[in-house]
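Quick one: this structure, given as structure tokens, is what I'll be asking you about.
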Amino acid sequence: MLDELRQEICKANQDLETSGLVKLTFGNVSGIDRNKGIFGIKPSGVSYADLTPGQIVLIDLEGEIVEGDLRPSSDTKTHLRLYQAWDSIGGITHTHSVHATTFAQAGRPLPCFGTTHADHFYGEVPICRALDPEEVAKDYEGNTGLAIVQHFEQNGLDPNTMPAVLQRHHAPFTWGKNAMDSVKNSIALEVCAEMAIGTLQLDPQVSHIPSFILEKHHQRKHGTDAYYGQ
Amino acid sequence: MLDELRQEICKANQDLETSGLVKLTFGNVSGIDRNKGIFGIKPSGVSYADLTPGQIVLIDLEGEIVEGDLRPSSDTKTHLRLYQAWDSIGGITHTHSVHATTFAQAGRPLPCFGTTHADHFYGEVPICRALDPEEVAKDYEGNTGLAIVQHFEQNGLDPNTMPAVLQRHHAPFTWGKNAMDSVKNSIALEVCAEMAIGTLQLDPQVSHIPSFILEKHHQRKHGTDAYYGQ
Amino acid sequence: MLDELRQEICKANQDLETSGLVKLTFGNVSGIDRNKGIFGIKPSGVSYADLTPGQIVLIDLEGEIVEGDLRPSSDTKTHLRLYQAWDSIGGITHTHSVHATTFAQAGRPLPCFGTTHADHFYGEVPICRALDPEEVAKDYEGNTGLAIVQHFEQNGLDPNTMPAVLQRHHAPFTWGKNAMDSVKNSIALEVCAEMAIGTLQLDPQVSHIPSFILEKHHQRKHGTDAYYGQ
Amino acid sequence: MLDELRQEICKANQDLETSGLVKLTFGNVSGIDRNKGIFGIKPSGVSYADLTPGQIVLIDLEGEIVEGDLRPSSDTKTHLRLYQAWDSIGGITHTHSVHATTFAQAGRPLPCFGTTHADHFYGEVPICRALDPEEVAKDYEGNTGLAIVQHFEQNGLDPNTMPAVLQRHHAPFTWGKNAMDSVKNSIALEVCAEMAIGTLQLDPQVSHIPSFILEKHHQRKHGTDAYYGQ
């Protein structure tokens, strides 16, 4: 069932390791088939090198396992809440990539200092508040997803133009059109975070990119008259 | 004798180099067979690429060489003291990985700033005091092990939930259920140390992770109701 | 047509990725045949691993596509303006390499702190001003090229001895005798930028290299009596 | 002639690139046959991947080329002066490795903050003064070697226990028993420099390693009763 999706998700998870974004098993990718209302996700704690498409766990939008012998990623309910809330997204990636996680740990949003960032994220990448003790106790991973969705709603953010969030004390989540696209956003986020740390080191008071350059770069790649790519 | 253990230890030592944790011969891994009371350790100064299972030196818990033509790691007596004191550990890794060693050189414990850390180490990774001149002169490596054990006792630390220490002016030691598990803890420690340096750069006054999130992440991976992994 | 040039440009683009200068599709290389007045450039958004010489887009010095089924790099008009203004250059590279981009984002020129820099760039690598909203709206990429050329003219800089510029809020461009030479200058620029950040960290007031050492290193490699290389 | 030496030097030069110490052609290794009074060195500007043992240039201790069709490294006279002054050394490496060069550019010696450093360098790695304009004009590379030798003499440093120097505004030189040993010292120097930058970031006032620990680590590896290695 959903063999092509399984293969894409398997490959996307393995790319986490080969791209240097994760060590050990510090990350997971999922992808969804919106027609069937089923998403596939990495099984928990399985090494990327050993991962096979057949091990991808299939889950429906009520959170029930449809197919799979292994336990899904411990972060599955965070993915579920994002898929439920945002029907335009087709894939989600969670990593603990070093520099993006550094911003999450420092509790700071990631400012947009240049066009590398503007090409992928339309403005500052937001930081989502920490959960409170009750939220953690009741449903840690599900409530993480709900807090992210709530943050976007309350701040008027569009997940289509801002495909990333930093979870306070934790690490980033990114999403995209499909599994592989969400991995690309994790790669871009990590590069932007690394550049931002250096930029702040050179000038702690550095200004954000001017809005008309942000607009230009984002539109030439993602706008209706985009002319980046084929 | 102990062929399987030798192979695991050989592979674990080689993983130090392929994972980027060590250069030249800056590290060593050991693993123990508790039934036989014998541990195997890397021979001193042998390059990882050239290492073979047959070169692993076997040593009993009195510190006597049981089998092996080569001189064991110069840090062997540190490993010995830890195996003697803590019968729950099955493997030990010593590296000079860049960022963990940076904290050891700065004489600072490694604070827990996020869930990457909480997943592996239950709180701040401690720093063990430097030896005094007499301890160095009499039995440098053995006394290093004793100082670590003493530090854990005096500070109420449990080596099962805190599988790492930073030795002042020196570098980290980690341990685990077996040789490979101790290497994984060295990998995790290095990533956490790199993130912590960046986090402190972004905010020198940043707060530690809230205790209920530390608790949650550690328990979901290591607690009695753990649901991470298979 | 221009098969050899296509091959060189294809290889030069792939070197961007293998040298670690770019992730995803964050960069492009072009090269020109001055006799024919035609340059070749990477097609937009194509992954380096998939790139073939036949996909290189050929463009004349009026900016018209001469051959090629794919859309050229979105930065093509920046390349065009530099080839039009500076007839001594034979190749151009654009990357978002982490440390050089960090200086571009911080809005600071890259000071010459040592001989690594002096071997490639005759003095401080300049930073070119940001475009204004009208320039961005009318012809973003073309005006970027014009602003770079203008900066060199107004500051008496020679593109032959200063084969690099940092574009404010954006990233570096480098050039050289041919496509591969421009890539080498991007590699050198990135190393120099990484060293400069560390140097400023160790001493924020550090002095530039003395002029007679800058002169010596540049001349021994690029002067009329150069004795570096074969 | 000297085929084995040529092979070792060729391999040692290639290790500069594979170990990540150099980019492009930013470094060179030489090795000497003391019986014949001839050393071999990398030809100038040749890429490491293309280098063959037959291309190694052989030079006598008067600085005359004995064998070789290519121009030797532009730094040859620095190597020559060190071989002339210090008859106990058998190999020399020059790199522009990022972190060691950062200290050279900042004009700071590299302090000994830990045992990684103590294992290789007996105390602070010195920084050698910049040449004056006349020294640069007359014989830049030769005078660099003489300034290094003079610095060691005036400061009572022994090249056998301190196999490295940082040349102000330039980069490091290391040496050792033979070509490969000098490369290992360059690898160790780069790691120590990277750790030192982080250590100073965590604590700008951090103290050096206590002398009795420096002594212990250096002696256990290099002393008459050394017990490190086989």
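To keep things simple, chains are lettered A, B, C and D as they appear, and every chain counts its residues starting from 1.
Everything that follows uses one rule, which is that a residue touches a chain if its C-beta (ideal position, glycine included) is under 8 Å from a C-beta of that chain, and two chains touch if they have at least 3 such contacts.
All values reported here derive from a predicted model rather than from experimental measurement.
Following the contact convention of this document, A, D is the list of chains adjacent to both chain B and chain C.
Mostly differing positions are employed by chain B and chain D in their mutual contact, as under half of the interface residue numbers are shared between these two copies.
Centroid distances built from C-alpha atoms place B farthest away from chain C. Averaging C-alpha coordinates per chain places the centre of chain A 45 Å away from that of chain D. Inter-chain spacing, taken between the CA centroids of chain A and chain B, is 32 Å. Of all residues in chain A, those that touch two or more other chains are 201. Two chains count as a pair here when they touch; such pairs are A-B, A-C, B-D, C-D. Per the touch definition, chain A reaches chain C in the complex via residues 19, 113-116, 184, 187-188, 191, 194-196, 198-199, 201-203, 206, 209-210, 212-213, 216, 220-221, 227-230.
If you check the complex, the residues on chain A that touch chain B are 23-24, 26, 43-46, 70-71, 74, 96, 98-99, 101-108, 130-131, 133, 136-137, 140, 169-171, 197, 200-201.
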